[in-house]
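Below are the structure tokens for one structure; questions will follow.
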Amino acid sequence: MRIGFIGLGTMGGAVAANLLHAGHQVTVWNRSPAKAEPLVAQGAVLAADAAGALRGDLLLSMLATEHAIAEIGLDGALLAHASKDLVHVNLATVSTEFARRIAGNHAARGVGYVASPVFGRAEAAAAGKLTVVAAGDEASVAKARPVLEAIGQRLVVVGSSPEQANLFKIAGNFMLASVIEMMGEALALVRKGGIDGNLFYQVMSGSLFAAPVFQGYGALIVAEKFEPAGFSLRLGLKDVSLALTSSAELTVPMPLASLLRDRFITLMAHGGEHLDWSAIGGLAADDAGEPPWPEADPPNARSS
Amino acid sequence: MRIGFIGLGTMGGAVAANLLHAGHQVTVWNRSPAKAEPLVAQGAVLAADAAGALRGDLLLSMLATEHAIAEIGLDGALLAHASKDLVHVNLATVSTEFARRIAGNHAARGVGYVASPVFGRAEAAAAGKLTVVAAGDEASVAKARPVLEAIGQRLVVVGSSPEQANLFKIAGNFMLASVIEMMGEALALVRKGGIDGNLFYQVMSGSLFAAPVFQGYGALIVAEKFEPAGFSLRLGLKDVSLALTSSAELTVPMPLASLLRDRFITLMAHGGEHLDWSAIGGLAADDAGEPPWPEADPPNARSS
Amino acid sequence: MRIGFIGLGTMGGAVAANLLHAGHQVTVWNRSPAKAEPLVAQGAVLAADAAGALRGDLLLSMLATEHAIAEIGLDGALLAHASKDLVHVNLATVSTEFARRIAGNHAARGVGYVASPVFGRAEAAAAGKLTVVAAGDEASVAKARPVLEAIGQRLVVVGSSPEQANLFKIAGNFMLASVIEMMGEALALVRKGGIDGNLFYQVMSGSLFAAPVFQGYGALIVAEKFEPAGFSLRLGLKDVSLALTSSAELTVPMPLASLLRDRFITLMAHGGEHLDWSAIGGLAADDAGEPPWPEADPPNARSS
Amino acid sequence: MRIGFIGLGTMGGAVAANLLHAGHQVTVWNRSPAKAEPLVAQGAVLAADAAGALRGDLLLSMLATEHAIAEIGLDGALLAHASKDLVHVNLATVSTEFARRIAGNHAARGVGYVASPVFGRAEAAAAGKLTVVAAGDEASVAKARPVLEAIGQRLVVVGSSPEQANLFKIAGNFMLASVIEMMGEALALVRKGGIDGNLFYQVMSGSLFAAPVFQGYGALIVAEKFEPAGFSLRLGLKDVSLALTSSAELTVPMPLASLLRDRFITLMAHGGEHLDWSAIGGLAADDAGEPPWPEADPPNARSS
């Protein structure tokens, strides 16, 4: 299949490489062109401009924010350059409100649209082990299906309205952040009671909580290893804010999401934006007077 | 080994039966004697009174509340009847404050004391699959070790101070309740957005969250099956209250635990005390105007 | 002074009438023209279109939402019709982000801009008893000052950046909503303990809490009189959302504001959007199983 | 009237002095006798032991904690020394559970019991300006009434069950603490937005919020003057814990009280127990990265 690909960050680059390996003809474009070079070396065609990526059967995009999508006109004007029958598969995590608007703009211009956010970090993307969540009209999803199946280990179609895939992803990320908070509070408690935090972590994540999310984030919190960021605090705040926006739109009060938002903001206020989002798991200890951040060491959360 | 056993509820009865099967000589006592009968039928000796259970090498007790422990004097006066070298293994989940007090009383009377709460429901107890957490002085733990290894699949010694085992257990239960809340909020959100809640549950608990706690409680919340109670709302409130008591004692603020407490109280106020504690996972939907409890059906939470 | 006035709802109409009484020459415009009639009867000139209100020395506007402001172009395009030296005084409560944007647009077109939200309900506006908060560049504020002093009993200039007036107002409204929540929880507690809620209210609002906010909202909560709305739940949610938006922008975690947001959403989800915002003061009682809303009576909050 | 008085701290001493000035015959006792001296100098009789204070018509007690009450047996054994027809008026703020128990113990020994906590700080006590809240059986309240009217400016009888007076007081103190939190969050927000916090405080506490509670606590928070403590953080935590205990007992979820509890614990964990309880009003600023506590100055909250 002839596939255009816009947005070649860590995640996007890994997915695009997989498509090349799978034998697809991939035309790439990225705002900062250096990121396209490794893919061109692997056989991708470099588009002269963003519009050049809209000439194939499918366009995949993986841009970090709604702002980045809007800046290149991918939410509207750029679609004028789309080939007939193009289906755009948006892999980004965006708000349901934005998803609705962008879906409407595609429909108005006769371009197919599938929202398809993914679960998994960059390593999972590289290994083709993403969980891919998709929503869109039947024909568009059908056309995108083989490609979506290729980039992940599991494809889940969750609805016919694109925003539903985004809502699904947003709810999942809320759960991830909740696990971080929960482990942070539990660890702060047992540690201040003189119990070995690592033992607590090992027992819990080896029994009832024996899942990747506990094992992965638990290890980071126990080791207080919040740098380098696998997923940044800033993006964590973005995601929990998306959950709260949806919660208002759908009138579903989410007190735990509200708590998480305050945690992210607290750490942002203390210079922690470059940390991994699991760093909010250190705030309970900090509140308890036993901060995981050494005093003299930036970001020095809450040590003024 | 000659083992006394006090407290033959669902959990206690299952553990005592396992000890009999393992070839131990078990003397049982229970306030309501009917519960002792099945064990006597399996070879246990029935003690004439509670004191009769304190004549062996070990005493195991599994009483639901601190009040029940105090009522039979097991926190003090009853210990006067203990055999020389008796070690008391308390399997109950009690507060750290109570644990400290009862440990002191045992020491004053020369009776060994091991706090040893367990993770797992009744089926796990019957199958010998509990995770057993123990704390106490070295000699007492050594004496109890073979029995504790027999009743669970894993024994974890977490400290030399009995209350540490209770704190460990309390922190673990806090995490369980947190998972219920988290799933309740996420499910309420996706469902109100038109997504199949069961699909969301299957995907999440089959990937990043593939652990017993998500699979088990998630299934209950998705199916809105909160009766009969595997672990009651009342005991859930007790446990989160224990976490908060420890949080004050150790000065560790736990906002998520505070949220859980309010959830439990809300459901208690609506007549839900007989429900499984996973029923708090239905409150987010209820707040969102989509209660999982049918209107005309008790407990009819929040439907006045 | 020649004053244009756009937005003649309950509040706006009362302010405009005061300006007429004070002898100003007032040109009015409102989307639905019927609202302009009583003012024309009192001597106002009816503008043919919105642009017609921009020809004087000052333009005052009082539109309920950012959307309403944008729809008539008052955040940009409409300013092309402004008379030389026009100063626009925006009485609405808008987000700080919108305030910054609209201020920039005015500056770019050479139109003065003063943000000037007010504290007080419609009766206070009619009686000229508003507290008026203003921010903007010195010259614009100086020009608007006599008029702002005329419409309220107190004018407070809080900064030179217009958004600061909005932030001031947003923080004040957050405090109002907090008082409602606080009284709701306290009243639910004492009432369920068998104490006369009205007595509690009388004692508290007659001593330490002897301020209009307690006396006014307390009376509504005690009487469970949430209709008709003096200030609607929908606007209350808007305002607390503005506080949270500012809290994220300025990185100031506000857990109490988060709690309020969840309260407003809960009541919205139960059909309460037409109620007075003090109705969130009934949710604590509702959570306690003693809802202030009779079962069969809309909005029937939380009674499914 | 012949009045015994036990508990001569700042508050108790001021009340006892007022009783002397009003012409009553007062017999005093205090654990540390030095505190009794100024009263003896004013005409009080010093009792040889606590029992000596139970020989008159009324016994007033003002002890800081339930523990202090129990330690001298005033919840039980000491009552054996009571004169016939003695009525004990307990001015302390205690839990409703303790109130019930102590009331039962008095009834069993034929001693009258009135719970009568007061609103107001030491200066108000000295000036006879307390608001006095009382509950108890009719005869006991009638006997105590003249004295209760003498020590305050207002007496409010709230029920016939002593614990109701305590619940009333607990709910009032919860409202006080809520005001502190609310002002702390609002001030942190406006200040980080560049607004003069003192101006905000002056405007708000001079208009809608023109009540002593805002004026008094607001001044402390704006000035960041948390020492010396008028009412200590430790007692503040005690009071909000009493509210939460009652909330569980009466099944009334109080999320704002839960938030307050976490605030108090946070500051306790950072060495702030000697501060005035209004110091929790500085935590929002601290979370926002702008702590009111200078770095090098104890208690140095959250600066590790």
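For reference, chains read A, B, C and D in written order, and residue numbers begin at 1 within each chain.
In this text, a contact is a pair of C-beta atoms (placed from the backbone, for glycine too) under 8 Å apart; a residue touches a chain by one contact, two chains touch by 3 or more.
These numbers were taken from a predicted model, which means no experiment stands behind them.
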Seminar exercise, completed: subunit A and subunit B share contacts with C, D
Exercise. Quick one: which chain's Cα centre is the longest way from subunit A's?
Worked result: D
Problem set entry | Between subunit A and subunit D, centroid-to-centroid distance (C-alpha), Å | 51
Exercise. Whole-Å distance, subunit C centre to subunit D centre, using C-alpha means?
Worked result: 37
Exercise. Tell me, which residues of subunit A touch at least two other chains?
Worked result: 247, 251-255, 259, 262, 265-266, 269, 287-289
Seminar exercise, completed: As the complex stands, subunit A meets subunit D at residues 255, 262, 265-266, 269-271, 286-291, 293, 295, 302-304
Exercise. Considering the complex alone, what residue numbers of subunit D touch subunit B?
Worked result: 237, 241, 244, 247-248, 251-255, 258-259, 261-263, 265-266, 268-269
Exercise. In their complex, what parts of subunit D are in touch with subunit C?
Worked result: 96, 119, 131, 133, 154, 156, 158-159, 161, 163-164, 167-168, 170-172, 174-176, 178-179, 181-183, 185-190, 192-196, 199-200, 203-204, 207-214, 243, 246-247, 250-257, 259, 284, 287-289
